[in-house]
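Naming follows writing order (A, B, C and D), and every chain is counted from residue 1.
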Amino acid sequence: GPAFAAKDLVVGLPDNITTLDPADINDTLSQSASRTMLQGLFGFDKDMKLVPLLAESFTVNDTATEYTYRLRKNVTFHDGTPFNAQAVKTNFDRLANPANRLKRQSLLAMLAETVVVDDYTITLKLAQPFGALNNNLAHPGAMIHSPKALETYGKEIGRHPVGTGPYKFVSWEADTLKVEKNDKYWKPGLPKIDHVTLKSVPENGSRIAMLQTNEAQFIYPLPSEMVKMVEANNQLELIDAPSIVARYVALNTMKKPFNDPRVRQALNYAIDKNAYAKVVYRGYAGPLDSAIPSKLGFHVTQPNQYTYDLAKAKALLAEAGYPNGFEAEMFGRNSTNFIRGMQFVQQQLSQIGVKLTVTPLESGVETARIWSVEKPEDATVQMNYSGWSASTGDADWGLRPLLWGKGFPPKFYNVAYYKNDTVDTAIEAGIATADDAKRAEAYRVAQEQIWKDAPWIFLGVENLLAGKSKKLTGFYYVADGGLQMEEADLQ
Amino acid sequence: MTTTDATGVAAAATHEAVRSPLREFWRKFRRNRTAMAAGFCLLALVLAAAAAPWIAPFDPAAFDYDRILEGPSAGHWAGTDAYGRDILSRILWGARISLSVGLLSVLLGGGAGVALGLIAGFRGGWIDSLIMRVCDVLLAFPGILLAIGIVAVLGPGVENVIYGVAIFSVPVFARLVRGSTLSLKRAVYVDAARAIGVRDRLLMVRHILPGTLPSVIVYVSMRIGTSILTAASLSFIGLGAQPPSPEWGAMLADGRSYIGVASHVTFYPGLAIFLTVLAFNLLGDGLRDALDPKLR
Amino acid sequence: MRGAAAAAKAVDAAPALLSVEGLSVAFDGEHGPVRVVDDVSFTVAPGETVAIVGESGSGKSVTSLSLMRLVDYAGGRIVGGRIRFKGRDGRERDLATPPAESLTDMRGNDIAMVFQEPMTSLNPVFTIGDQIAEAVMLHQGLDRKAARDEALRMLEKVRIPEPARLLDRHPHQLSGGMRQRVMIAMALSCRPSLLIADEPTTALDVTIQAQILRLIRLLQDEMGMGVIFITHDMGVVAEVADRVVVMWRGRKVEEGTVERIFQAPQHPYTKALLSAVPKLGALRGQDLPVRFPLLVVDDAKAEAAPPAPPPVQDTVRAADAPLLEVRDLTTRFDVRKGIFGSLKARVHAVEKVSFAVRPGETLALVGESGCGKSTTGRTIMGLQSATSGTIRFDGVDTATLDSNGQAKLKEKIQYIFQDPFASLNPRMTVGFSVAEPMLVHDYVPTSKPGLSRRRAVEERVAELLTQVGLKPEHARRYPHEFSGGQRQRICIARALACDPKLIIADEAVAALDVSIQAQIVNLLMELQAKRGLSYLFISHDMAVVERVSHRVAVMYLGQIVELGPRRAVFENPQHPYTRRLMAAVPIADPSRRTRDLRLLTGEIPSPIRSIGDEPAVQPLVPVGEDHFVARHAVGGDF
Amino acid sequence: MLKYLVGRIAGILPVLLVISVFVFGFVHLLPGDPARLVAGPDATQRDVELVRQDLGLDQPLWVQYGRFLGNAVQGEFGRSMKSKRPVSQEIGERFMPTLYLTVVAMVWATLAGLLIGVASATRRGRWQDHVGMVVAVSGIAFPSFWLGLLMIDLFSVKLGWLPTSGYGTWQHYVMPSLTLGLGVAAVMARFTRSAFIEIAREDYVRTARAKGVPARLVVWKHTLRNALIPIITMVGLQFGFLLGGSIVVETVFSWPGLGRLLVDSVNYRDYTVIQAEILLFSLEFIIINLLVDVLYALANPEIRYS
């Protein structure tokens, strides 16, 4: 009968998967794909809450330099290898060793030593204090491969993932990844789907067509302007949730006129955030009410919002000595969405006499013009329209790379060249402890100061939009843009 | 004296003297009603582009956040785009950029390509090999790479788009002209010209080039459309017209995401491109036919 | 022998095969239609040969094209009259009215045509074999193989050497006469009931011409084929025609049996025409060339030329160094099969040819079709690279000149191509083509002082066109709007444009009717007298050669077999081929026909030789003053 | 001719070598840092340095070129900087789909183009001519993404006849090859028309008519054969272009072709892949153009190469 019919799920992705070795991945999409097969000690649930997966519990010392984990028993990899402390050690040592040149090495860069205490207990000793280690371990980059597979496939592991996850690898050609049900999955009753196909369909319109024809049951992302097409179809359902992607314009605080905080504040006042959400995201965006999006840990909504106020903006500009505004150049990536956002900002600022030249940059040119600049004085960037998704889900990764005084390019991404001692101290304090109370305080201070200094024009937080068939349940599109399909089912 | 005209020609004969090539061309061209219509369309378009500041109903950059993506209406004949800008006004202004990029780049690239193709085909030997291998590489060289290179060296700007797009056209024209040259240079009349003492350069320009022109005209008229679209993809990598200046191709690309939701955003720029390209092509056919002495 | 009377009777008895009634044809001009054929009527009976003669540009070709409705494809229109034709099936229909496309089944099948310009009428991309075989397959229903065999047979019949090899060659590798014979073979292989032959023998030497005429005659007798024969050669008319239609300025001005026309011409034009016919032997006993006596026809009145006797052409400056000196010139073509084909054989087109042209001299180059005359000319012009040998002009070895010098040289030497149509750029007006040498060489016409250069050139173009019998306003037309003879005159005008010292004229007057021919020849001779021009005069028309040349070179299979003063060669030919040539010249007198001679068959000597098989070249030995002959077996036994 | 051919074929390798130097130089001069791009949007400087070492980008240029050449000689081209797979695999996987699609599109488009072109030329100035040319021009003037999406909407969403996208069965070919071929058909139609009009009034076409060759053969044999040169040129060029992959069609129909690979590799400054792709495209064009030159000589026996 129909009960036996295989359940096949097709997911339409916007891009190609690069590799399936998460330790060597930096794109959310490939991470989502790996996550169908691989798991780490920790993970995030659908609400971006940290949850233990292959770890059952942990202990940590006061200085946040030594973590001990108890591991889950009776878990085997898809190839039959048992999961144990040795497997974890093999994976973590591999990731931490710079000689392996893995893109996610930084996740465990602070690791000094891994000690296998017993088969199911492992201790990680850190070279310096690091309070957010569990978050790092929850990052897909720290997911665990079968040690046997690592040995067998070596460099090719990215084409032959073997993990403990709900699905097993079947095939991966050009733009289609196929996985199938792991019958021996350690979570009872899961997974419910027999086959999952992840297919890259770069054209938005085609992706929606796939959903409409039921060739796919889930597609993402859904451009905001196409939401209507999903809503118009009663077989389909819209997924609409806040993301952790902050949109802002970084202002080079070392360059005139942006070195004057009044100017920066003026720019913030000159932008109608509601209109931004409406024009650029068709309304599917929320406010960026602090330096980090509200979905990120330790976020604090700032009390003094920069509400749209042209008079105030003009007054501030005049006060700063620019009564007639000024001219400036704004960089930004060359995607349709970025260009749209930039044009919006351009138009808004023109109301207070600020004339912007918008220069879209191709990705490579961007690295050359912005990220590879060695000395702050050499920077040509005045304003940079950007977005940031803190993939660890933690305030640290939302602030440190972007606003830390020691994080100027090329080291990090502080393209505002923003340096404030209060902020720097707070960011450093936040990472030096695993005590949540202390961390919360540190990040509160940092956020407050940043908001006042306004090194950015705070624009908004876009929503995650996706379309799915109403038949599909238990399939989650998480705030960091990742997919979770362990519990997925087709009615 | 013997004469050759038959009876009834006497009247016509007196008019013979005024049959200058230009008039002859015009006489033949005028009779091609489609081409004339196309020519008038283009003329109108050029005039409209020139007069855009006066005839465009709105400021092409004026936002109106209350009228986003509205379909055609009495106020906005072609509707509004994602910023509530008037699409018709943008098309009118955009004609300036798109037409000049389309035309100039093709003329530039076509000119260079035709010259290279002529030389390669006519001279043969190592010159031919050299030019053609360079063309092979240019053909194989991905446009985006070249464009990124151009931005890197020359910086952004409409003028540089013209160069960029022109470069793409060179090898195609070169190969096209070379092919025709190879067969035309065997013609007896080329030998005849040589026997008169016409030097090679003149021989190419005067006796071979005209024979390649039909193909060249046809390709020029087609290439203009392609160039308008190519220019748009260049503006995407930051080479072309910078936002928010309207440019047809960019408008089209921008509206791509609204297909099925607000189709007019792509439809009208698309229509503008379509009609322009159509007009250029029909005009091209008319030119081609009018320049062909064997057609009456 | 079928006498004229018999023919006339046959016409009365047999119902007409074709009857043209009041045919008028117009081309679209700028100011409405221009009639080029006006109210022309004539009939052709089965088995009958009707010759159409007339002034160059009088509408002969257009008339013939209209009969097959091919004129429609050239931009012309039949504006009046009927063309009634009785097809194979015995049904008579009017060809003038139905759409031209619908007559496909009739073309080739019922009416076949040999076009005036063989050079441009063969498809350059198909082999000769394919083109003939196609006609055979279409009309004789043979398969590919059989059609090819038939094509081979036809080529043999038209006396083409090595026909088997020729089948796989392309038109551009053939000489003018060879192409013409291919055209004839193609038309005849259709086995039509009416053959229209438009100047089918202009590029053929008289020996082959005789052969072709016989072949046509034979088929005619065999199948009762009617023939319309358009020609300028009154000798040929006298030889083949039963009846003659004379055209002048688009109209038929006279029609009658061949005897009547020759004996009692009525219309002034006909009279002028006949009086201008060059007769071989007219200069017997004369050492020097003499111009033609001229009759001028104007507005239907013939007037005698100025009474002064035509001057003698004593222009050779024998003492001066030769203007052109060709020594041991050899030009060969490789014969390859397919595009990757290896070298199979060579065409020995020109073999160790040596001669000199003195200032003020006309050297005629005569010889069998395909013997290498044009190749010699082209090689001298540098259009074809020589395999070996030297060419000196004015004492300078042309091989030593750089490209600049080569170009300059061309101001002094002009070449008139055998194929006038192809040698005119189709995209340039004729006026431009004529002016081009002047523009290229910055030649300022001296005769027109005080005019701007542009005006001066324009005036000169007008003058040149007038000199060759065209009108100044013709300058604005394009080559395809002219008749064959008109184009030929345009080429002559172009060659004369900047006062060259030497003109190589390759069959330059072959397409002209005799009265214009006489005019042009006289013009050339006058220029020679005035300016001391030299000519290398390549021609098949022995009567014209006799008129113009000081010396004659006879070529055969790529070699010069006899070279000497005209009088010596004409009156005392030494080489067997020369003798054959002289004997085969048709005489413009219908009462002296020789039409029943047998067809020649058997091996035809060929210039194609396998690699390594070099032909023997015998030295020219003197046999009289300035008279040389090569004593070897090519072209017949001594 | 044979000698010429042998020369041309022998010349391919040196030409490729020169191209390789040029391409290598050009790619390395482009602004953009592969290490940073490959390392990802939030990589730390340390990550970037590790990647840089991993990719060998810290070595002198000539060492890098040497390695590239060494790899190229083995036909292997090293590993993709982004995916770390052998470039030969990366390209190989996408070459066949591109080739198949190209062939399908070229075949129908060339035939259709010829038909339209000839129909227009033989009815020059009449309504058939105008309709033919308007249709042809639509092929170039319609942006292909638009057309593609319209077709998907019609044939997949509304009618449910064809799969929206992907690669596999013959149904998958229909829309991509239509979209891809339309421009080609347009080009073919326009060139055919022009070349055809040019030839149709030549004397030898008249000869063919006089022989009684049926109208259809006059057109398709006698006229077309002589009009082939510009047509061959364009077929060659279009074929070459399509073999490079079409970004738009591959994007709209998720076709796993070379075009998207190229764009991706350019976006990531994936030097190894870019270089290999350009070398491949150059080789394609060199071979195609060699064939085109041979076809010229076949089409027109008067054309000879020195």
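Everything that follows uses one rule, which is that a contact is a pair of C-beta atoms (placed from the backbone, for glycine too) under 8 Å apart; a residue touches a chain by one contact, two chains touch by 3 or more.
Each chain and its UniProt protein: B = Glutathione transport system permease protein GsiD; C = Glutathione import ATP-binding protein GsiA; D = Glutathione transport system permease protein GsiC.
In this text the structure is predicted, and so the values were computed from the model without any measurement.
J.: Go through B-D and C-D and name the pair with more C-beta contacts between its chains.
T.: The greater number of contacts lies at B-D.
J.: Based only on mean CA positions, could you tell me how far subunit B sits from subunit D in angstrom?
T.: The mean C-alpha positions of subunit B and subunit D differ by 22 Å.
J.: Need the CA-centroid distance for the pair subunit C / subunit D, whole Å please.
T.: 51
J.: Express in whole angstrom the distance between the two chain centres, defined as the mean CA positions of subunit A and subunit D.
T.: 38
J.: How many angstrom between the C-alpha centroids of subunit C and subunit A?
T.: Spacing between the chain centres: roughly 88 Å.
J.: Could you check subunit B for residues that touch two or more other chains and list them?
T.: Residues 148, 152, 186, 256, 259-260, 294.
J.: Send over the residues of subunit A in touch with two or more other chains.
T.: Where subunit A meets two or more other chains at a single residue, that happens at 205, 362, 364-365.
J.: Check each residue of subunit D and list the ones that touch at least two other chains.
T.: Each of 30-32, 145, 149, 153, 201, 266, 300, 302 in subunit D touches at least two other chains.
J.: Mind listing each pair of touching chains for me?
T.: A-B, A-D, B-C, B-D, C-D
J.: Note which residues of subunit B are touching subunit D in the complex, please.
T.: 32, 34, 124-125, 129, 132-133, 136-137, 139-142, 144-145, 148-149, 152, 172, 175-176, 179-180, 182-183, 186, 214-215, 217-219, 222, 225-226, 229, 252, 256, 259-260, 266, 270, 273-274, 277-278, 281-282, 285, 288-289, 292, 294-295
J.: Can you check the complex and tell me which residues of subunit C touch subunit D?
T.: So the residues of subunit C touching subunit D come out as 68, 70, 73-74, 101, 104-109, 112-113, 115, 117, 120-126, 134-135, 138-139, 170, 172, 183, 186-187, 190, 336, 339-342, 421, 480.
J.: In their complex, what parts of subunit C are in touch with subunit B?
T.: 28-32, 34-38, 55-59, 75, 119, 172, 249-251, 296-298, 378, 381-383, 403-404, 407-411, 414-415, 417, 419, 422-429, 436-437, 440-441, 466, 469-474, 476, 478, 480, 483, 486, 494, 515-516
J.: Residues of subunit D touching subunit B in their complex?
T.: By the definition above, subunit D touches subunit B via 8, 11, 15, 19, 22, 26-27, 29-32, 124-125, 130, 133-134, 136-138, 140-143, 145-146, 149, 153, 186-187, 190-191, 193-195, 197-198, 201, 229-230, 232-234, 236-237, 240-241, 244, 262-263, 266, 274, 277-278, 281-282, 284-286, 289, 292, 296, 300, 302-303, 305-306.
J.: Where on subunit A does subunit D make contact in their complex?
T.: Residues in contact with subunit D: 16, 18-19, 24, 26-27, 98, 101-106, 109, 155, 158-159, 173-176, 199-203, 205-206, 209-210, 212-213, 215, 362-369, 371-372, 388-391, 397, 401, 410-413.
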